[in-house]
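For clarity, chains are labelled A, B, C and D in written order, and residue numbers in each chain start from 1.
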Amino acid sequence: MRLGQKNRTLVCLLWQIQFADDMQEFTKFPTKTGRRSLSRSISQSSTDSYSSAASYTDSSDDEVSPREKQQTNSKGSSNFCVKNIKQAEFGRREIEIAEQDMSALISLRKRAQGEKPLAGAKIVGCTHITAQTAVLIETLCALGAQCRWSACNIYSTQNEVAAALAEAGVAVFAWKGESEDDFWWCIDRCVNMDGWQANMILDDGGDLTHWVYKKYPNVFKKIRGIVEESVTGVHRLYQLSKAGKLCVPAMNVNDSVTKQKFDNLYCCRESILDGLKRTTDVMFGGKQVVVCGYGEVGKGCCAALKALGAIVYITEIDPICALQACMDGFRVVKLNEVIRQVDVVITCTGNKNVVTREHLDRMKNSCIVCNMGHSNTEIDVGRLLNLSCSTVPTFVLSITATTQALALIELYNAPEGRYKQDVYLLPKKMDEYVASLHLPSFDAHLTELTDDQAKYLGLNKNGPFKPNYYR
Amino acid sequence: MRLGQKNRTLVCLLWQIQFADDMQEFTKFPTKTGRRSLSRSISQSSTDSYSSAASYTDSSDDEVSPREKQQTNSKGSSNFCVKNIKQAEFGRREIEIAEQDMSALISLRKRAQGEKPLAGAKIVGCTHITAQTAVLIETLCALGAQCRWSACNIYSTQNEVAAALAEAGVAVFAWKGESEDDFWWCIDRCVNMDGWQANMILDDGGDLTHWVYKKYPNVFKKIRGIVEESVTGVHRLYQLSKAGKLCVPAMNVNDSVTKQKFDNLYCCRESILDGLKRTTDVMFGGKQVVVCGYGEVGKGCCAALKALGAIVYITEIDPICALQACMDGFRVVKLNEVIRQVDVVITCTGNKNVVTREHLDRMKNSCIVCNMGHSNTEIDVGRLLNLSCSTVPTFVLSITATTQALALIELYNAPEGRYKQDVYLLPKKMDEYVASLHLPSFDAHLTELTDDQAKYLGLNKNGPFKPNYYR
Amino acid sequence: MRLGQKNRTLVCLLWQIQFADDMQEFTKFPTKTGRRSLSRSISQSSTDSYSSAASYTDSSDDEVSPREKQQTNSKGSSNFCVKNIKQAEFGRREIEIAEQDMSALISLRKRAQGEKPLAGAKIVGCTHITAQTAVLIETLCALGAQCRWSACNIYSTQNEVAAALAEAGVAVFAWKGESEDDFWWCIDRCVNMDGWQANMILDDGGDLTHWVYKKYPNVFKKIRGIVEESVTGVHRLYQLSKAGKLCVPAMNVNDSVTKQKFDNLYCCRESILDGLKRTTDVMFGGKQVVVCGYGEVGKGCCAALKALGAIVYITEIDPICALQACMDGFRVVKLNEVIRQVDVVITCTGNKNVVTREHLDRMKNSCIVCNMGHSNTEIDVGRLLNLSCSTVPTFVLSITATTQALALIELYNAPEGRYKQDVYLLPKKMDEYVASLHLPSFDAHLTELTDDQAKYLGLNKNGPFKPNYYR
Amino acid sequence: MRLGQKNRTLVCLLWQIQFADDMQEFTKFPTKTGRRSLSRSISQSSTDSYSSAASYTDSSDDEVSPREKQQTNSKGSSNFCVKNIKQAEFGRREIEIAEQDMSALISLRKRAQGEKPLAGAKIVGCTHITAQTAVLIETLCALGAQCRWSACNIYSTQNEVAAALAEAGVAVFAWKGESEDDFWWCIDRCVNMDGWQANMILDDGGDLTHWVYKKYPNVFKKIRGIVEESVTGVHRLYQLSKAGKLCVPAMNVNDSVTKQKFDNLYCCRESILDGLKRTTDVMFGGKQVVVCGYGEVGKGCCAALKALGAIVYITEIDPICALQACMDGFRVVKLNEVIRQVDVVITCTGNKNVVTREHLDRMKNSCIVCNMGHSNTEIDVGRLLNLSCSTVPTFVLSITATTQALALIELYNAPEGRYKQDVYLLPKKMDEYVASLHLPSFDAHLTELTDDQAKYLGLNKNGPFKPNYYR
């Protein structure tokens, strides 16, 4: 079962070492376990990355299940199931604000709207349902597609955004706090509709794909392709492919260069500071920090921490990354060597049991332990306070969403035979196109090759500029 | 009237440019005017710096004024007036957490406890009442002083902390949401008590000092000195001194070197990022930012923003600071030259009308305007969204509090004649002592001069190491 | 003809814009055309990267060609041809100093000396002949190989080092200032020797390989493989391979990850500052600099310049690199937009005519133009002063040399059939081994995977840790 | 005796630890004691800061003492004594190049030329005689002064520059390689001339002032003031003042804010890298460095080294500076704790015996020891290689020279009574003026206060903007 799986880049789990007597206090105040900044820590249900805007209306809402409500939008349609259609206006405002930082998608709407490259596309989608994905969904519609949508996570839906989508005519089936049964019911409502058959799948985690495989294998006869965004979902696709069971082309957008750089290096450079500050009020200057793993995530964390005056140590298993850490000015140590002296431990390895119970026992009181990696298993959690927090700038989500839109367009319009029943990376040229759509928001001006220069370099003037193996 | 005056270093006011149609929306939703991150924006009442831990219990509390309640602590004393004495246990927990980052004060307690340097001191205090100041007050008590305390701000009191202090026997008169009348009533209760007469004043803003001057001038006969922390309060003291009306020595702790560096350069380096992230979710990478003023506050902001990938421009009036900005890699421009292109405007000048209505009119939509300066007048506020936010690490407050404690000790124990009826800076040696008390938390090891070296340099081996004019 | 070709990473060509009247001065003083720092500028013959230690003895040497001299070393051998065997003692000192920064090779000698992995290997080599390559050659000998060596560049030979090699028994044929005829004569003397036939080739530029193809094709019957280090040489090998003419396996060590990172990002981060300072005494603080190209070379230059207070602009053709530049805090512009205002122009593109005559005409007087790219064609040189300079830390050369040694060992010991008649990249595991050999000099401690973790990650505990496509 | 004293900011002395067997080598090759970069190390005579352009003509010159030569310039004057008047043309070229980076002085010439503020001034000067000081001297002349000049250092004179000054009509008495007797003879020739009596003194080191006191005390009757630039000279002036023997006003330009910042923080940030690279080819990435002293010089060194990937430790005696080091991300240690592991030791203390023989004995082989401080006594030099190097950008010298010119103008034009027989700091307003004259070369645009803002801040619109105690 994969309910509630976390999207890796966006979650920053934090704990803080607290010794025994403190723990007794906690027992007495079970709902107030945090430090003074507890009021700012975000509750379990919102640890998921997309839910940075808490649904302030939840508490006042009635407790009737959306499945039992009869709701119609202002045009009389009931082709949806959301918490409360009346929240649409506020949700619309959220979407409009998200649009401001997703100008690449807006620009894509404008550039491609004339030709409607998704005319005829019938897309079933299963993603987080937030203001940012709403901008994606409405872009797909603007390009000609029909969409039916459910949530890939039982907690992450912004109810007011779902309402706004429903009000705008999208067939959306999602609310915050679905049960496991609700979850599959919503997916089923998207796929299983009389007189409408999907020809494209946009998935995040692979649950939708899994459901179609299991319940409606015939649907694949019409499907032109699957676009999958998550590590987990991509992994499942490669397994299907290996087993010879993948019956349509699939696009792995998780590993596109632009997305990777933003999800890892740049996003973590910003979010490590934010995540720690929001939950702990730690001052970075002079703090001793050990970062486990010096891949892209680790590099991003280290750059930010060093810049703000922290003293950073690295642990690595890979000599190439270790040598890079040396050249970047970090001491490469084993965790044992510094565990007693550090104020913060950050794991970015993707490995398991990187921080063991023994390490935890040797840490200073009030040492902060933070997991920035994609595995929940990096830390052998024990005597720890969970101060989880998460955030990701809309701009980063814009890159993901634009990549998804382009992958859908590419698969939908690809000439017969370009893509087989296999998993593909986004063509480098489209990767570059995603990047170029985001340059205007920085007022960045690309230089163009002259004919002569293009010839000298053996490149097409319009790209791709990178070999396919570049990353 | 000086109610609710803001402490300058801790307040970061933010606005965001929004064009006309948005404004109409706002009229309709007066209580939800923010962008999606509204839920994280902190309300007006909490813009004050010390209130980062919101009092989560307020809403459930009854609405009876504390002045009309009869409360006693567990030892039977009623010598206090707080919101709800029953919150003491949670307040105690908050104080204990603050103690973790204020080890300098704890260390001062230990070093000075034997000799009780404040034995006999009777201190009236008027400051923000938060976990951090509670650590200060309890340190003063541990060193032998008797304390009576009120709040210098009608909004900033953490009620549960006030309760904890009252429970511990401190005569505290303060709650969150005092009326103006309450404010002066509390101050009066501190000063005016039968059989107890203050001999030291610790003030933050000068209201307490002002009240004593006005109502109880005779009290000054016993007062050995005033310790004042705020810019405003210090300004008022210098005016009194100029007018020949200052009748006791006063210590200006606001301008001590250690405090200044932390309140400005280092604190702003951290808080600019935090303040912007919490309220706006802006991504720093690639953002164009203009910072008005390249003093210590501006230098701190610029260092952090540059480190996170922002492109920073500076405006300056002073050629020396301008030249420093050049050497530090920033273009020095007039605000007009860049106002159309920047994504963020940050004022750090202490001047007024730095950002004018005309500038506001020329900004990009969704440009963020942020005031980091000590003047509320830097920006000619008009068509702006107020997304205020504030935070300051406990460590910085620890430096302020330690400086205050040492200033009280110095004034209280100074031999007759060392201090006249004038405003003094903290002696450099005590400034260095404050710094040295904070080094252990960084595991920093000072080098000691040999006799020979001290002689060569013409210094005492134990300092002071700086000339008095150093800053 | 490829005589005197420049090794790309090591050359930093500089020019400075000077207007007309200055140029007249230059006509009058043809030998003193530089600015005041002329005495520090390095002459044309030493622009080649390896010759940072000028041969101070040249001027006093006689002018007889080494080919006409009869020289024997102290053991009576004449199996070499160098400028002056008597310089051996000083050359030995140079080699010993180089060994201090090439501890990886020394460590390789120690680790592999017992088993003599190159026992039986007969290597002909053609590289720069410097203290650093001498350490490589003597390492190969220590591992069991016999070596015959010539210079790949007519200017770059350090005569005293060649003498030291000859004295130590290496058959070396090289001196500084060879004629073209000398150049091929030396190569021929290495290959063509009675009773000795090479079975390995180590080449830098492809001239040696070319000569064997042309003159002694039968030699390839015994050759187990070619190791090629230069961009040019690798290009020639791929062409041979494409044409079906490559008759032995070849190893492209130029593109190994470790070498690439050091040759580009890290090396340029250090050498851009050094190169500019040595030739121009420019102060970096506040200087406006445009860097053309934001690949690894450009990234290294920009990081260093930004850190020292320069204001850096980027030009790019590739949107992915352009977006990275934005996120790293650089404005992305077209060269035209900033050419009038910048103080320094640096090209790192590998493209041609990036800086055109028209750009040159619009630059400020005394604007510095610097080519860090691998193409001499980036700048349309015209009215410019040539202030060339070059340097590369021994540590970087150590990485190259270690990679070459490992490639030779791999090819020489590979089981029949592992390598076909094709061009190969160094296996990732050996790349990681090169990195690991350099970690001790940073006192860096690698973490080892537990069995459990290795299994979880699907990796061998000893690596490789990177996929083969990683770079 | 103060011949050849070193100007503190410009000298970077380097040594490298070498163990016993190496030392024997050195004995055998006494003239080649360096490592391979020896050819780039700068000889003892040029360690002085101003002599970065070696006089390439020395060797070919005849050996007759300039005092015995009869030379006339092209206008027939013999009122000078230089090495070779025929070098004037090349010297003029050097001066013109220096003018390019000293636009502040050129701009001062233009702004002040109309009113000739130095009309009537008769200045005797004693400074380094280099292209940069030539620009100063010619500026003084352009402003109306008559000048007679000698060298403050027996080695630092650029002979061709002296020739150019003589050719231009300045009475200059200086050459490279003066004997001690020559040194005083030159000073005497400047002061002691029939029919000409100095009314201003510009001194660097105090030797000229000393000579006038000793030999021509009556000259002081006409002297309006002394401008002194060096630490040593200023020290001597304060001693005279203390002893009541200072009989004219003196201006201490060494301690002006602008000069201090550039001489220390900014200059060292650039020169530490340059100095180490030129002499040692060290790669900074990953190097462990300990910097003794975290004043302005230390801060500059640390910022640069950290930026280039070095791992930096600090030693400090002063807790305030130590706390700053912590906040800036450096571990504060005692030298003993890290001496065994560091690759580079840099002293910036101004103290003596900071690095002791015992420390030297415990260093790693090939550890580099570098003195950036103003005291030659910081390191207990023993078993060390001297690899001295020095450089300072012309821009920094421009700030010094401009400050000197303004100090002369201020003293010469000050109304009777403004300055007493005491040592003064440059008025803050003039300090700001020096800074403002250097802004155009950065294309920096100052913002001007409105009347309203100036009133609000209580400042004059034109400055000074800083209190006098600012530094």
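Assorted remarks:
Methods note: a residue touches a chain if its C-beta (ideal position, glycine included) is under 8 Å from a C-beta of that chain, and two chains touch if they have at least 3 such contacts.
Please read all numbers here as calculations on a predicted model, not as lab measurements.
More C-beta pairs touch across one of A-C and A-B than the other; that pair is A-C. Ranking every chain by how far its Cα centroid lies from the centroid of chain C, the top place goes to B.
In terms of their C-alpha centroids, the spacing between chain A and chain C amounts to 43 Å. Centres computed as Cα averages put chain B at a distance of 57 Å from chain C.
One finds 39 Å separating the Cα centroids of chain A and chain B. Touching of two or more other chains is recorded for residues 266, 285-286, 308-309, 326-327, 331, 442-444 of chain C. Contacts from chain C toward chain D in the complex involve residues 25, 29, 32, 35-40, 52-54, 56, 90, 93-94, 97-98, 100, 131, 266, 269-270, 273-274, 277-278, 281-286, 288, 304, 307-309, 341, 365-366, 391, 393-396, 442-444. Chain D makes touch with chain B in their complex at residues 257-258, 261-262, 266, 315-327, 331-335, 337, 350-354, 377, 431-433, 435-436, 438-439, 442-450, 452-453, 456-457, 463, 465-466, 469-471.
Only residues 285-286, 306, 308-311, 326-331 of chain A touch chain D when the two sit together in their complex.
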